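Below you'll find the structures, each written out as structure tokens.
Shared between the two complexes below is subunit A, which pairs with subunit B and subunit C, respectively.
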Partner chain A sequence: MKTGVCIFLAAFVALGASWCGFVLAPVLQLGGAKQTVILQSTDNWPLQRTGEATLGLQVYRANGCAACHTEQVRQTGMADEVTLTGLGIRKPEDFSAFAKSLFVLPELANFTNAIAASLNGWSGELPKTLFITGDNDLASAMADRLKAAGVKSETRLIATGADIARGWGLRQSVAADYLYDQPVQLGSLRAGPDLANIGVRAPDANWQLQHLYAPKSVAPNSTMPSFKFLFEVRKIGATPAPDALNLPKEFAAAAGFEIVPKPEAKQLAAYLLSLKANVPLYEAPFTPVTVAK
Partner chain B sequence: MNPTENKSSCTNAIDASLRVPLLALFSGAAVWLVVGLVLGLIAGIKFHAPEFLACCPLLTYGHVAPAANDAVLYGFCIPAALGVTLWIFARLSQNPLALPLVPVVAANLWHLGVFIGTAGILLGGSTGHTWLEYPRAAAVILFAAFLLIAVSAAATFGWRREQNLYPSHWFLFAALLWFPWIYSTANLFLNSNQAPRGVVQPIIGWWFANNLVFVWLALMGVGIAFYFLPKIAGRPLASSGYALFGFLTLIFFGTWCGIPQGAPVPAWLPTLSSVAAVLTIIPLLAILIVTAKTICCARVSCMGGSFCFLRFGMMSFIVSGILYVATACPQYSRILEFTWFGAAQTQLQLLGFAAMILFGAIYELMPSVMGKPLPLPKFAKLHFWLTIVGILLFVVPLAIAGVEQGGKLADASIPFADVNSAALKFLPISTTGQLLILLGAILFAANIFVMTIQWKLGIAKTVIAYIKSPLETSEVKS
Partner chain C sequence: MSDKNKSCSVPSTGEPTATRANAPMWIIVVTLILLFIGGIYFDRHSGWFDAKVYAPYASAETLDAYQPKSGAAAFIARGKKTYEAVCGICHGPDGLGKPGQAPPLAGSEWVTASGFNRLAHIPLMGLAGSIKVEGKDWSLNMAAMGAALPDEDLAAVLTYIRSSWGNKASPVAGDDIKKVRAAIGAGAQPATVEGLTKMPE
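Take a look at the complex of A and B:
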């Protein structure tokens, strides 16, 4: 390090190497990404947002929602979920007795408590989740035994992890999910819940608008500030506006006035409803729930 | 290693050449520091009272939180670090500042850029990328201003009379190259009309954020500390071999950190980043050894003086570096990702490390630049104590809150509202810490402003005296 040229070269090579690695390589690898196909289907994923939802992403960006919310579901692994879907000629009590007779099997040793607890007080509602295991062979062995016993069962592949268990998504978020986000708003702090799947969790636009206007009116413990400035307080005209919020008394406007969402609020709600992470993809597979019989 | 500069007419000329540029850089920086900390305090209060200032769309949490961070980093850390760099380069070159007018223009341009950027964020013009929130207009101005200052610094470096290079040179010179490169890359990719699709955006964003907040601040802070610590301790930098090793490993490993472990990107990216983060322990250790060996036996009674600031800054650097490495380890990241822990690490890096080093450097160099002692020396001491107590109160509860929040977030049987309230109970302490840091910053700003006003009054007096003075007879005759 005797001359300025040496320092320059060292710094140039060091930063240049990481530029090639973390800027150039990702652009080459992912820059041309296209829609993928949903697993066991011919539908494409993700879909381009509607115009209103695309504008809503800009409202989300402008208000810095990503300062408190992430849009990324994490999972820790995969597991098989064995679900009882039909009892055939058997009665629930018979089945419980049968299931308990299986507890002597050594491979079920780790699951006896869970199965016993799930069958306790069960009166025959279907589908009934029996147990969840990370062991593929055990799941199929169990399915065989249930079949031999004359009851119907279904083994589903599910994602596991706290985010999944909280209902924040059915699988982890993957790169493909963000294809049409401009800018991508991953977020880095969960001062509020994750929003990657909010469009599935709270699919009602009116709920979203009411939550934006008065968060505590729908979630009493919420620490989210009210986004009142996305709404307009108007004097009720000859007829009430069709899109006026229907608020509980303590949050409602004064008598003779109504609260109407501005276009920004509607766009933001449309964007939130467009956030979904509920389809299986090649890199994040799971078995979708089929309609229960 | 640093030269023992003789307080000679040459040194006086060097200091005089820096007076105007440094006042321009530092006075703006002091303002932005206070503004940034006030915005940060507002953001903090909003967690105790979500409805606080909710009526004002400009001051929602999503606006003030990024504006506060950016005002501290872009408004204070960068111009202050550039000012100190100019002074160190001039002193080490044994030559007055080259192109002294350029940094004055650039300083004003820079602060204009920060103003436009801050206003842009508050008005909803944020780009939505962390640490790159400033809208395009501000980014262009900041880039141009940085280049101008870098040109002046490079010219001072190129026209040096003292040919030897010192460890500070490596770090500061690299930092001057770093910023234009990462800032232009990030803006051209993310802040353009043709931004890349999908997750390429956050990948480039993480690369930029890591290179700015971790590597750039480390280069600047350590470079400045490696100049002032030996100077104040009155002994050479302990081992320039270790310093060189630390410098090279920092720029070769540190640049690959920053991709979160759970990121929804191809797995090679976080894996590589995690390996790099573990290797980053090497430069941290090397820098720790150099610092410890240089200051361990130094008999400097600092009691709130520059030396204290610098020492605390270097300790924060090591701790914040270790926290940074910890968050890159997959088993910790699973718990700590998406929690307050990341904010704690960032704030320690920003305020505990970078700002403390800069305070120490500015308190040390301003008296010689202005040619008179600090106008309010007691404020400087009080500033030190307020800031260290403030930083500990700010960062430690935030880190604990992060661990608490992460642990509860990983247990799905705990409802989210309980997770949130478990973390929020630590935040009042953090907000108190922010308040103390803000009070300290006001004292710092007071010192800088009294200095500026004294200097302006001095100029005014000289001008008035010159106007009033009777013409010399010789001039009348001719």
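Take a look at the complex of A and C:
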């Protein structure tokens, strides 16, 4: 077998190359990942989970939540959003014509016409989103002209994409978000919605518990199975348990009984509340909405 | 015997051997074209393996261009940094103050006053004597901790304490501090509550 060495080397190189690509390169790239800092702030990100929420990740894993839910927000682009915050001397009813007069270039006619059309019938409540554009220069030119005309506006950088439009997060998920996940529950199938930002979308622990017990009681069209085995049906003692679920009639337990979450259910709810994708990071920048002063 | 064998055997040409042949030119050309396209694709989409670069950002330069340059949030973050290094040691990083050391800033009527004039005098001049904060008397002396800070930094600190921990008061600009500093002049004695209340808010 003259070619034995040759075949061995070829197989070695092929497997070695894929090992380098799938194992070595990611470890070199992200193996030393550390806590990072929220953009324009001194707060750390992500924060270590509480003990209860850390246990909740194992409940999430054990119940196969990742089979139907993902934890990754996707983003396809960035855009500038120009928002009116003060009209100066302009009146809301004339603003449409004024916005049209800002750019007289014929190639921008479609753009200004769209803005003017969106302002028709506007009653003047502020802040008002004027337009969203992927063209950075256009947005800053518009902001400059508004400023010169004495109109106050704010330009925000926003993430765009189908997931962002659904309200599943304010930016895409990045590696830093999963720093304390062991194992990472990325998921690959979305029979249910993405959960990367569920702690912001549904920040109420009682809502989470009720949803786990009877999904249809809070979301009538939900196809999620009920996780009743994470709860205990108990006879009501001298006083009702303080953490018993407050369910609508058709889902509630029989008279004299109450439904109490087991520790696993509480841990899972704590984990779900810890999932957030609402802060800007260096690798996923956007401008958070600040409280208008 | 030998004759018979000879008649039914094919002429022997020996074992066939592999020979070298040049690869067709078209394969080389196609491979080079594919490599070239791959190189362009790599350059556009890899981000050069930078751990911070994710699609849709193509490179570290593109990502940098989208970083916020300034703004109110950056100013407050700057104030927070200075506050925690200078003021937070006594007033606490949570602005709640420390008994026997410094009164609270969170919810303090001196901090959240409609104007910042009196507030700005305290770090610039220091404070002596008793001061009433949230209904409680504090009889402690404060050194002129802000006198050595640059105008912008002190303005950032005041903006931070006026807009944090539930406080909601207007921001302070660096130029405002410059004016207050000029009005105080050099070698001023520590301020007192009596002196401060005589000033405009």
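The working rule: the second predicted complex is superposed on the first by the 255 of 293 C-alpha atoms of A that agree within 3 Å, B and C clash if a C-alpha of one lies under 4 Å from a C-alpha of the other, contacts with A are read in each partner's own complex, and residues count from 1 in each chain.
Quick note on the criterion: a contact is a pair of C-beta atoms (placed from the backbone, for glycine too) under 8 Å apart; a residue touches a chain by one contact, two chains touch by 3 or more.
Just so you know, these numbers come straight off a predicted model, no measurement behind them.
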item: Subunit B versus subunit C as contact partner of A:12, first or second or both or neither; value: first
item: First (subunit B), second (subunit C), both or neither touched by A:86; value: neither
item: Contacts of A:285 with subunit B and subunit C, given as first, second, both or neither; value: second
item: Touched subunit A residues, subunit B compared with subunit C; value: B
item: Contacts of A:29 with subunit B and subunit C, given as first, second, both or neither; value: both
item: Touched partner set for A:62, first subunit B, second subunit C, both or neither; value: first
item: Contacts of A:263 with subunit B and subunit C, given as first, second, both or neither; value: neither
item: First (subunit B), second (subunit C), both or neither touched by A:174; value: both
item: Doubly contacted subunit A residues - partners subunit C and subunit B; value: 29-30, 33, 76, 172, 174-175
item: Touching residues (chain side subunit C, partner subunit A) in the complex; value: 49, 51-54, 56-57, 63, 65-68, 71-74, 77, 80-81, 84, 163, 168, 170-171
item: Complex interface listing, subunit B residues touching subunit A; value: 46-47, 50-51, 54-55, 57, 60-63, 65-66, 121, 124-130, 157-158, 165, 169-170, 173-174, 177-178, 181-182, 185, 189-190, 195-204, 206-207, 211, 244, 247-248, 251-252, 255-256, 258-260, 262-266, 269, 272, 334, 337-340, 342-343, 405, 409-412, 416-417, 420-421, 423-424
item: In the complex, subunit A residues that touch subunit B; value: 1-4, 7-8, 10-12, 14-15, 17-19, 21-23, 26-27, 29-31, 33, 61-68, 70, 72, 74, 76, 162-163, 165-166, 172-193, 215, 219, 221-229
item: Complex interface listing, subunit A residues touching subunit C; value: 25, 29-30, 33, 39-42, 75-78, 136, 157, 172, 174-175, 282-285, 287-288, 290, 293
